[in-house]
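One chain, subunit A, links the two complexes that follow: it is found with subunit B in the first and with subunit C in the second.
Coming up: the complex of A and B.
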């Protein structure tokens, strides 16, 4: 069972008197809603709570920092590059690539630090300035930890080069924190060391170096024994330092800004060829000696100690607790996972630690109105729960413009999330229909290949036609193209409009056969048949015979079909009578026209041989 | 293609435009404007790419762009155009069209004029008022034309409070972009793959011409007119296809070029070198299409009956004319590999939403919150 690692922090909600009234809260994906209720614990409840506001509480404020956004965006690019590193690469080339990625991440953190530092200095409001400064120190700590992890876990420096890396590490971080002390410390670090090790192009083996160092160490000891420098206490203490005498080193405590500087200096003089596995002995004792029982270790110290002990999981756990944003642990864990350093550490819901952290980070991004696009790529690289999480998140992104909707749809289509595509297109199409943008609605149904919605849109068009007697949006209907095939109703709409066009162009024979085929092929909805038959009237009344006898029989059959199965309307009596009147008149007129046409057609066909 | 500088700016860039140079000026482009989108607070910003040898306090590069000033913008910036040297017109997702004025002496931006209900689904008079995003704006001093998701076309004049002309329901679908053809004529593209030409001299609400793609009605997202030849127009579609049209000839495009893998957001002819065309897309790439050629021989490229007669006719008439006057875009035969296509961005990023070119300078903005600038386009 989990135990509390520390006391939970208390956040006071302004304007809400929590002692008097109870508060109500609800969790969201990344935020919490809080408001005051009118329920009073002790006294009689008031009618209305005194505080009229609903508050949104966010734990992760970093996502809203302007400068940290650059960190998120740049590291997103590095993350993608890392995922795409060829899995086939092994050995040295892979390691050098991974080290390069690590350095990239670190340089991004440093750039952020730089910028934030500039802003902190330039801040007019001291409270702001302090906030930025504390943010700078958090970033600095992050970079410190990452750098150490790079040396120990990614670079995996063996004994010998290990100390060099640690020296660089300390030099880098101590120097940046306090440039004044850096000069002093720079001189403290003896140049003898550099020339001793012959830094570039060092071709000596470890044993040779050890021997040389032993020799030098013994020589120093001899000098001390012989009290060669007895006259100058300063030089004597320097000699003691060079022999790695801890007491002498601790005397210079003010120059050593922290325990890890002490550690590295100590190692430099007492055991420069230290092996990685021995580091933690020195680390623990250095920490204890340096603190001297006066103060207790800070979270940063514990994290560094855990790193020296090569306990990666502890490092990640401590970082997760200490930092308010998942960015650091997510990216570091992902990188270490690529170094194949994490065993499958199964968590409660079966995914591994890397995936868990990435999911948390990406979900945090989705809570931001703008950074959700970055989150998509992170979900892509979570093999177990990434896709499902993405499906849930992407449907809930608010779509206020078509352009944003198009981007979301493109993301879904690229990942074959057809359900989401359909649902988003349906929402947009419905909005369009409500706004009377039938062309847009059709365009969305085509994109989703949603035949049902296309039918709905076509019905709207047809209804408009019946009401107004003419088509709206001819530009759309005339130019449907292959989209016509999406739904039967849409095809009918297109063909019906074609019929009107043909009639307008006086291509009566074509128009007539088209009209007939619309009815006989059954793509015309039944409700529309009366309209179609009425459209046939002018053709029937033309001077020349247009409909052949056969066609006329067909028409008559359709009419009979229609009249025999007339459903009973639920309207009032008077209206029904009127309707019936109109209906019966229409039907009679049709019957008359059909009969007349039939007569003429028969005569014509009888007189001209088989026309 | 060298020296393209990237800068992360903590906002997704939806539009970027170079400030136009004064006519007859020999300078190169120096200032550009950007608009952001999808933030809780969006901004219109002006940036300067500075002078040569300019090293500011943190030792920025020669090409590094610096923020001059910015101003809050209500809603997403859907489109941006420079009206003149000091004024910028912005189209908003709230349906509002704003003219911003830049004050160079104290480096600030202020709102000069605003048409707040330029685009809407149900009008401001009704109780269920709902606004519609304004998707495109184009300027030709003193006129401003805007189009929106409501299918409406507005013609504004600077300093006139009301629209000079409005065509309601010009389109039953969304109008995505607009450009001027000849001055009283504009061309719009919509989400059912149609180009419509509108003549403001005519009174009615019907387009004077409709052109469309054959086959699928793929939505068209961007359009640009050839700088010298007003009948040549390029459009980009949702499937990433680049189409070149001759609006005098027929209703179908002259050439269709398969370009990007996703929506093409912007297409631009280079204003002074129209043999060069630039496109950017949702797939995160920005392409430079180079159709320039020194080869005088062109007869092998005639492949369409009508255009060949036109071209040969004009060649025979104007024997001395330089080949580039007859737009090489119209006689494009992709099979001949005459167009050289280069990708300008160093690596694939999130969507490149916008680009603009002026002289040797190119600027583009992405959804990865980065602005890329290069000043050596043709080196």
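Coming up: the complex of A and C.
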């Protein structure tokens, strides 16, 4: 195993001094809590002044930056486009697509930089201004690195054009190069220089180029040997520069802002047709010469050096350490993976690294109340652990509004995450029940396909009906449709409501049969039978005979069944007696009604032909 | 980059023993030697005291939030041998149930995975572990495992819910047959795995520590057939136990690190990829497993004086 490159960094939490007390911590869904404590559990505390503060700490706070948000949003679109690039595309067309993607990413970085720069200038508070400015330089460094990676790894410029690309690269990032070029061009033999440098890249082959350059180079050397320009030291040093003499170049150090500028300039004059594989030699020595042992390389220098050495892995590793969020390495690695570069560079875990970085980045997005939606798409494109990571994160999104809940549910349903759907619906259903919104609770339990809960809510509905004599949320119950089948109690609720509807529409015969079937099919809970039988009373008392004799016998049977087995549930004696009284009266009334109905029914059926 | 995004002043008058974020990270529950349990709303970097719950007669050691589908429920356990379950009803927090079935300090409470229902495991210094199951209408059924650990039980942690066999959806709403398991750590230097098969019985003993086991933490499931448990002890060691297959039942320990002092607390991040360890050396260290199975320390979170330096970067080591 590779050793750690250094000690893990230490983060200090400001707090009460005290080597005496220990630090307690725990994980929140997206953050960590720390506080001071004493783990040695004793009953009497030692009267050590304790710190009542709890610190909530997080990484990935960049997620909260307003301006960076645009970066995250727009790069998300580019990321998706990249994933969808036709895998079958090969060769030149694929390469040009990948280069375009890379340029898109870079333009997004530049746009962000520009905006942040504006904010930095306009900042009223100098501290803020400085903070924004430092962010701008970080973004600038990111773009610098990305650009170089694009040239070396994606564009894969062959020898010759490579230097032109590098020249552009330097020119873009270092303004001063223009003044140096002006110097050079202003020297003797401008025509020779002009004709050399105004190359339309395609018309000359590499060998032609190299030949021309060799010829010109030799001519310069001859001039130097012959001391043609001995009289003018300025021109002599110019000549030396044009010959790529490092010492001469270094004398102009103030014009060269950094070592890679020096590198490119050096290459320009000493080896313009440099091949990519030879770059690293020049790079290392340029860095060493430029620093001259006075200072040590900065992280940015190391990253660029690694790039020149075509050590992709090292580039990614250094960037991960140096940068404060995963955005850069995640997207760059993903792009390089699409260029099939991670495998060819012999990384032990190839595209696993891509996934690892994307997972880290996406997890960070979930810390944000709206950016989490971007995270979903990133998880989708992580074949190994994306799904399970999404499952774990998506359940933790606070469902403060119905809209948000629906959004989350839709995402889960689209991905067949049934466990999460059920869990979320259950949470919402419970909340609705607690707020007495039974209709809402019912629809959530139906969506969750949660039979047990549907039963619970249906019971509440029925209880409400018993207490108030009417139903709430009629619309919902009336339109249950096949969802009614979810639970027996729910079916009963639906059917019972249907009974009421039929009665209201005066479809007495239908209502009567339905009522009876509810009892005989045992769908109706026993506790409700009395209510049902009581509901039957008005039907029994109608002028016309509604219940047939057969049906009346059934009803009587139900009544007897009910009265023979009266449940006793720990009610007080007096209550019991009172209930008994009411019960008895009801039962008596029912028996009377049923008997009367039976008589009429028999008569009617007996003389059917007559009527 | 790690930053302090909020500092909550709990105003506890004595040592804080536990602080837990709720499921969504919007509320914070804390408990202290001052016998109170407090709940704060910590959204958007703020802090609003929602409840100051009194009811314990001794230092309160731990608090635990139940899954939101059961509503807003918090459990707390204390030196006073009691476990109290608090509930939010109509916007106010009240004591919903009190369990006084232990003979000694109750040290740890942990809610079971929500799939099992509303079940709370409590570990006590009397060596017993009690399991409270909510059966409805304010009633809780109690099952007790006596003498789970001689001398005392210090920590309990549930295994994530895994449906045995295939993970087919049960549309009729029938509860699939879960095998409920949890791990407990005690003063007998052992970690025990308890399983419910009709009755609760001890399924395994994990031996590796040479002193009291202070904490156990069962890692959340990431869909792999491996199970992982972290344990820490008075002996300064933290072990990672893995079992490769649910059926094989062989657990193999790997030493994460030997610290110079007692290690009190271990805890997994929600995606189980980082283990945080809190030790007597005043530091919280974060550990991650690398591809070749080695555990690497990725960061130190250290309490101390001075301001949080904005340029301190967390050593994000790529998996090697």
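The working rule: the second predicted complex is superposed on the first by the 504 of 611 C-alpha atoms of A that agree within 3 Å, B and C clash if a C-alpha of one lies under 4 Å from a C-alpha of the other, contacts with A are read in each partner's own complex, and residues count from 1 in each chain.
To be clear about the criterion, a residue touches a chain if its C-beta (ideal position, glycine included) is under 8 Å from a C-beta of that chain, and two chains touch if they have at least 3 such contacts.
Predicted, not measured: the structure shown is a model, and the values here were computed from it.
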Touching partner for A:207 - first (subunit B), second (subunit C), both, neither: neither
Touched partner set for A:231, first subunit B, second subunit C, both or neither: neither
Which of subunit B and subunit C A:486 touches, first, second, both or neither: second
Which of subunit B and subunit C A:443 touches, first, second, both or neither: first
Subunit B versus subunit C as contact partner of A:114, first or second or both or neither: first
First (subunit B), second (subunit C), both or neither touched by A:296: neither
Contacts of A:404 with subunit B and subunit C, given as first, second, both or neither: first
Greater residue coverage of subunit A in the superposed arrangement, subunit B or subunit C: C
First, second, both or neither for A:473, with subunit B first and subunit C second: first
Touching residues on subunit A, where the partner in the complex is subunit B: 66-67, 69-70, 73-74, 76-77, 81, 114, 118, 369-370, 373-374, 400-404, 406-407, 410, 414, 435-440, 442-443, 446, 472-473, 475-476, 479-483
Partner subunit A, residues of subunit B touching it in the complex: 8-12, 37-40, 58, 76, 78, 93, 121-122, 130, 132-133, 135, 149-151, 171-174, 190-192, 194, 196, 207, 210, 212, 214-217, 219, 238, 262-263, 282, 347, 349-351, 367-370
Residue ranges of subunit A in contact with subunit C within the complex: 1-2, 4-15, 17-19, 21-39, 41, 43, 45, 48, 50, 52-62, 316-317, 320-322, 324-326, 348-349, 352-353, 356-357, 360, 363, 385, 387-389, 392-393, 395-398, 418, 423, 426-427, 430-431, 434, 449-452, 454, 486-487
Complex contacts: residues of subunit C adjacent to subunit A: 1-21, 23-26, 28, 30, 33, 42, 58-59, 61, 67-71, 79, 89, 105, 107, 114, 169, 171-174, 214, 220-223, 262, 264-265, 267-271, 276, 278-280, 282-286, 290-292, 294, 296-309, 312-320
